[in-house]
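Scrolling down, you'll hit the structures one after another.
Heads up, the next two complexes both have chain A, just with different partners, chain B and then chain C.
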Partner chain A sequence: MSFTVRRYFLILAAAAVLWLAVAGFSLVVGAENIWQLRDSQPDAFNQILSSRLERTLTAALVGAALAASGVAFQALLRNPLAEPYILGVSGGASLGVILATVLLPVSCLTFTIPALGLTLSAAGLAGFLMALVTVGAVYLIAQRHGRLDPYRLILTGVIVNAFFGAAIMLTAALAGDRLRNEIIYWLMGGLGSLRARWGELAVAALVILAGLAVFVYQAAGFNLLSFGEDVAASLGLHVERRRRSAFVVASLLAGVSVSLAGPIGFVGLIVPHLLRMIFGSDHRLLVPLSIFGGAIFLMIGDRLVQLVPYNLVGGLPVGVVTALCGVPFFILLMRRSRTPQGAAP
Partner chain B sequence: MTAPAAPNALEVRDLGFTYGQGRFALSGVNFSVAPGEFVGLLGPNGSGKSTLVKLAMRLLPPAAGEIFIDGRRAGDYRLRDYARRVAYLPQENRPAFAFTVLETVLMGRSPHQGAMGFESAADLARARAALDRVDAAAFADLFLDELSGGERQRVMLARALAQEARLLILDEPASFLDLRHQYELYRLLRDLARAERRSCLCVGHDLNVAAAFCDRLVLLCAGRVVAAGPPAEVLTAAKVREVYEIDADVTLRPDGRPVVLPRIEQL
Partner chain C sequence: MIRPHRYIITCLALVLFALAGCRHDSAALPAQPAKPPALRTVVSLVPSVTETLFALGVGDRVVGRSRYCLYPPAALALPVVGDALNVDLERLLVLKPDLIVFHTRVQSADRLTAAGIRPLAPHIETVDDVYAVIDLLGRELGVEPAAKTLTARLTAELAAVREAASGTDPVATLITFPDTIGGGAEIRAVGRGTFLDQMLTLAGGRNVVSTDSYHAASIETVVTWQPEVIIISAPGDIDPGQSDEHYRAAWSRWQSIPAVKSGHVYVLRQPYLTMPGPRMGEAARLLLATLHPDRAAKLENAAK
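This part shows the complex of A and B:
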């Protein structure tokens, strides 16, 4: 398939329309019938709509960030099994969120920046800061002779994740019953568990949208990197520079997502593969499609979660539902696809 | 240092490189590839062939000496400009994901495109012409994985042609090819050199296929050039003995090109 401006914008326009449709659907469909409320109870109507909007936007942002981050890691590491959490970012961010939740007094869990009029959650901020620290540490450990070696990176990420995993378990073990429950539920990955506030949603949106824009711009380079660094360089790509910036952006996207909504699995791994099977491996298309696809996937997943009558604040963890519904679909598509599922690197 | 009047496509002067520990991978290497010339680079394992390719592709910085491309120091080119002049073909190049043949060849256009890499009709025409040139137009919509090794190398060559580089640097491109595909690839390279005046530097292990098609051979041993010149002058029994430490009978084909037949009974 050739990559012309016309085809590019046609496909992306279709994806955007589908995105809008799903977002609209997410606002309208739910346990409460908002049309009835609109005239009789305007206050309740506004409140429900606002809360659904908050949740829909969170799902859209996190889904887009995770899927795009997954595509980038897969291309950078030339590994179809790579996913946003491969470099240990989720472990670091999770530990930050959990430690803040456990250690801070309830009155400190949110704070306001008066100059901006933003209310942020301390746990989310702690998660994001820990994500940054983790990324920095992983890069420093993995670096050798001023170069980032992909295999050392993966190994370091796995080790660091194991370390943070143990620290999280220790924290959970020492916490009281109620907190332990909360931690375990949060670790399952549910958008409702850590309810994003408008303030942090706005900050996260800024970081995520900037990161996504960088990836759309870098997508052509991901194609070249898929053929290995020597070939990519011979085709005019500054490999080391590109790798560094893309790793940082991908890690930031993953870190923000975990801080905002907990470690939601599956999206970052599966959505890129689903789209590759349908549209091919060309990253110039795959990156923007993953942004829309990840958003759509998580919005639908979150809607399904809310429709399940389940007596739990926030409902079932969305990661569970996306995996339960996504895996059979994935298998079906993989069986029918002509596209080879990635060669050994 | 002044460049020569009629610049060579590739000129290597007093090139030296070390991986450290005082062991020189290359030292005092001199040779050149003229425009339209097909040069074979031969030598035993560890003789420095791959290091030389890496230096010529600017993947490593030289420790001593210089490399000139079209009369200008290699390091003075911007990376994209370099990619417009020099194309690289590795031993085997399989991408991490499934790309079609046409997508792969179009990537050769990337040094000529903007950052987003949108393809113009001209890019597409060049890619298709390149596929035609290597007789692979029929594969355009297949995935690389669906091709044989020989077909895949032709596609990679098409990518290099679409890149419009005048100099092709090939690192053992025929290692995984059977006899016939080896000869076909070398013949294609020779034809490209003759018909389109593209210059080729091709690293290889097979002395006979290189002798049959290359204009000149450069024989490396332990990081130094042992012999350079027309195949019949380079591949003598004495040189083969010196470099590969094996006795061989060297006969000449009717066209004067040498054939090396090792005496295996002595092994």
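This part shows the complex of A and C:
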């Protein structure tokens, strides 16, 4: 499809409007009818609205981060199966969160930074730090003379993920019954919290928005990269530098998402592929669209989960819903397309 | 080029900074009752606590329960607002109870405390814990006399079972649970210091497990324990379709275990067996009837 500035802005404006609509919808639609509450229980109305706003913003940020890093990895690694967790970040971040939860006493699980007036969770911070460590480790293992080979990267990521997966299982096996349940449940990915998490959300938002801005800026370069290294280099792109920065940014986005909401699967795979089928694979459009698309997808997923009545199957984790939707979709997609989506032409 | 040591130092500094900032406040707020205790409402997500509340005569002030709170029958009419892991936050904010009793440890729950809902997460494992919870709920809800009566009744019930079992040879007993997945070579054994261990000791049994708490044990270890009786606690509401025979069959190949060889493998379906709460007298009597039926009959006759 041809790229025109007019079309570009029209599509993005439509996506933004849809984003706003879904976000608004997420605030007013839920298991409790808040219109009724507004007059009868104004306190409960405000508290529920605040909790829904936090959930919605978390879903929007995490969904955007996952979908955008999915697009980046698919372009960077020239692999349609690439997703945000492919380089082992989810395993590292998850292990960080889980170890902090298991090892720290309850009183240390949240702490405040008085100077900033923010309350953060130690588990979230540990997850983020472990994501950083994982990114560093994967980079050091996979690089050779400062060059990153996509295949070595993927292989390293798979192996690192397997290692952390085993470490998580070991932790779960050694933890007591109750903690084990908590760990398994957390691994399914969820967005709710009994604690107001505005502090964490603010920090995560800063990191995520900065990362997304980098991707939007780099989008044209992704187009070149998907033609192959040689072509991209001959067209004047610093392939190594671009690959390295995008790889670090994408991993950070994934790491922040895991720290915030657990490893939510398939958003980073479904959303980019779906958008590519509809709008083509021009990354200048695909990257910002994925940001909106991922946010919308996860906001809707979380609302669906919230609408299930509690006496039926209360508190379904949103990660389960996204993965359950993801697999059939992916199979359908694979059967329909002659060449794998996202692969180089 | 990335210099790893610089990153490591930064990370360590951040971790130290984080630990230094740990807040040592307890999750529960200081008691600042907005309402007098006699009017407070409760949501209980712990089955034994729900039972205790009804036993204290304040069932009408319980406004929500967990999916697993199935006793007494009157509790079934209450709305479900959570389970062991989840809480329906929105429902809870609408119900606005004064107290919520959790099963797990409470991390920070400021969305609840901000709404005036006080979280409690009492540790309930032993007989003493049961009495402590009765006392706590009695004070929180302004029904101390009922709490005293209940504690006295339970103490007497347990004493009667201990009395009935006195003078018997302690039966070497293993208490375990059904294998749910795989049915492999590991079992979950009830260890020392647990509620079931206390009930077993009262009822004239001797726990073959010598370590504390619940843990996994290989079947080979169980063989070395040589239990004379094996009790499989399989609460009926968890898997009602499964037959006792099915649970027993898993043990039949281990004929070197005295309990298996002599046919003393019992499946006990009563949910109260594993519930440290107001029905613990019944739990103790059930174990007595399993281990020493003659003594149990005598106890029953004496009660009549």
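Just so we're on the same page, the second predicted complex is superposed on the first by the 314 of 345 C-alpha atoms of A that agree within 3 Å, B and C clash if a C-alpha of one lies under 4 Å from a C-alpha of the other, contacts with A are read in each partner's own complex, and residues count from 1 in each chain.
Basically, contacts are C-beta pairs under 8 Å (C-beta built on N, C-alpha and C of every residue); 3 or more make two chains touch, one makes a residue touch a chain.
Note that the coordinates shown come from a computational prediction; the quantities given were computed from them, not determined experimentally.
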| item | value |
| --- | --- |
| Superposition on chain A - do chain B and chain C clash or fit | fit |
| Three-chain overlay, vertex chain A: chain B-chain C angle, C-alpha, nearest 10 degrees | 150 |
| First (chain B), second (chain C), both or neither touched by A:Tyr217 | first |
| First (chain B), second (chain C), both or neither touched by A:Gly136 | second |
| Partner chain in contact with A:Gly236 - chain B first, chain C second, else both or neither | first |
| Touching partner for A:Arg284 - first (chain B), second (chain C), both, neither | first |
| Touched partner set for A:Asp177, first chain B, second chain C, both or neither | second |
| First, second, both or neither for A:Cys108, with chain B first and chain C second | second |
| Which superposed partner A:Leu125 touches (first chain B, second chain C, both, neither) | second |
| Which superposed partner A:Leu37 touches (first chain B, second chain C, both, neither) | second |
| Three-chain overlay, closest Cα atoms of chain B and chain C, distance in Å | 20 |
| Chain A residues contacted in one complex by chain B, in the other by chain C | none |
| Interface residues, chain B side, partner chain A - complex | 54, 57-59, 79-80, 82-84, 86-88, 90, 93-100, 102-104, 106-108, 110-111, 113, 115-119, 124, 143, 145-146, 163 |
| Residues of chain C defined as touching chain A within the complex | 1-2, 4, 7, 11, 14-15, 18-19, 21-27, 67, 79-91, 93-94, 96, 103-112, 114-115, 213-214 |
| Chain C-facing residues of chain A, complex | 30-32, 37, 41, 43-44, 47-48, 50-52, 106-113, 119-120, 122, 125-126, 129, 132-133, 136, 139-140, 146, 176-178, 181-182, 185, 192-196, 306, 310-311, 314-315 |
| Of all residues in chain A, those that touch chain B in their complex | 1-5, 8, 74-75, 78-80, 217, 219-220, 223-224, 226-228, 230-231, 233-238, 276, 280-282, 284, 338-345 |
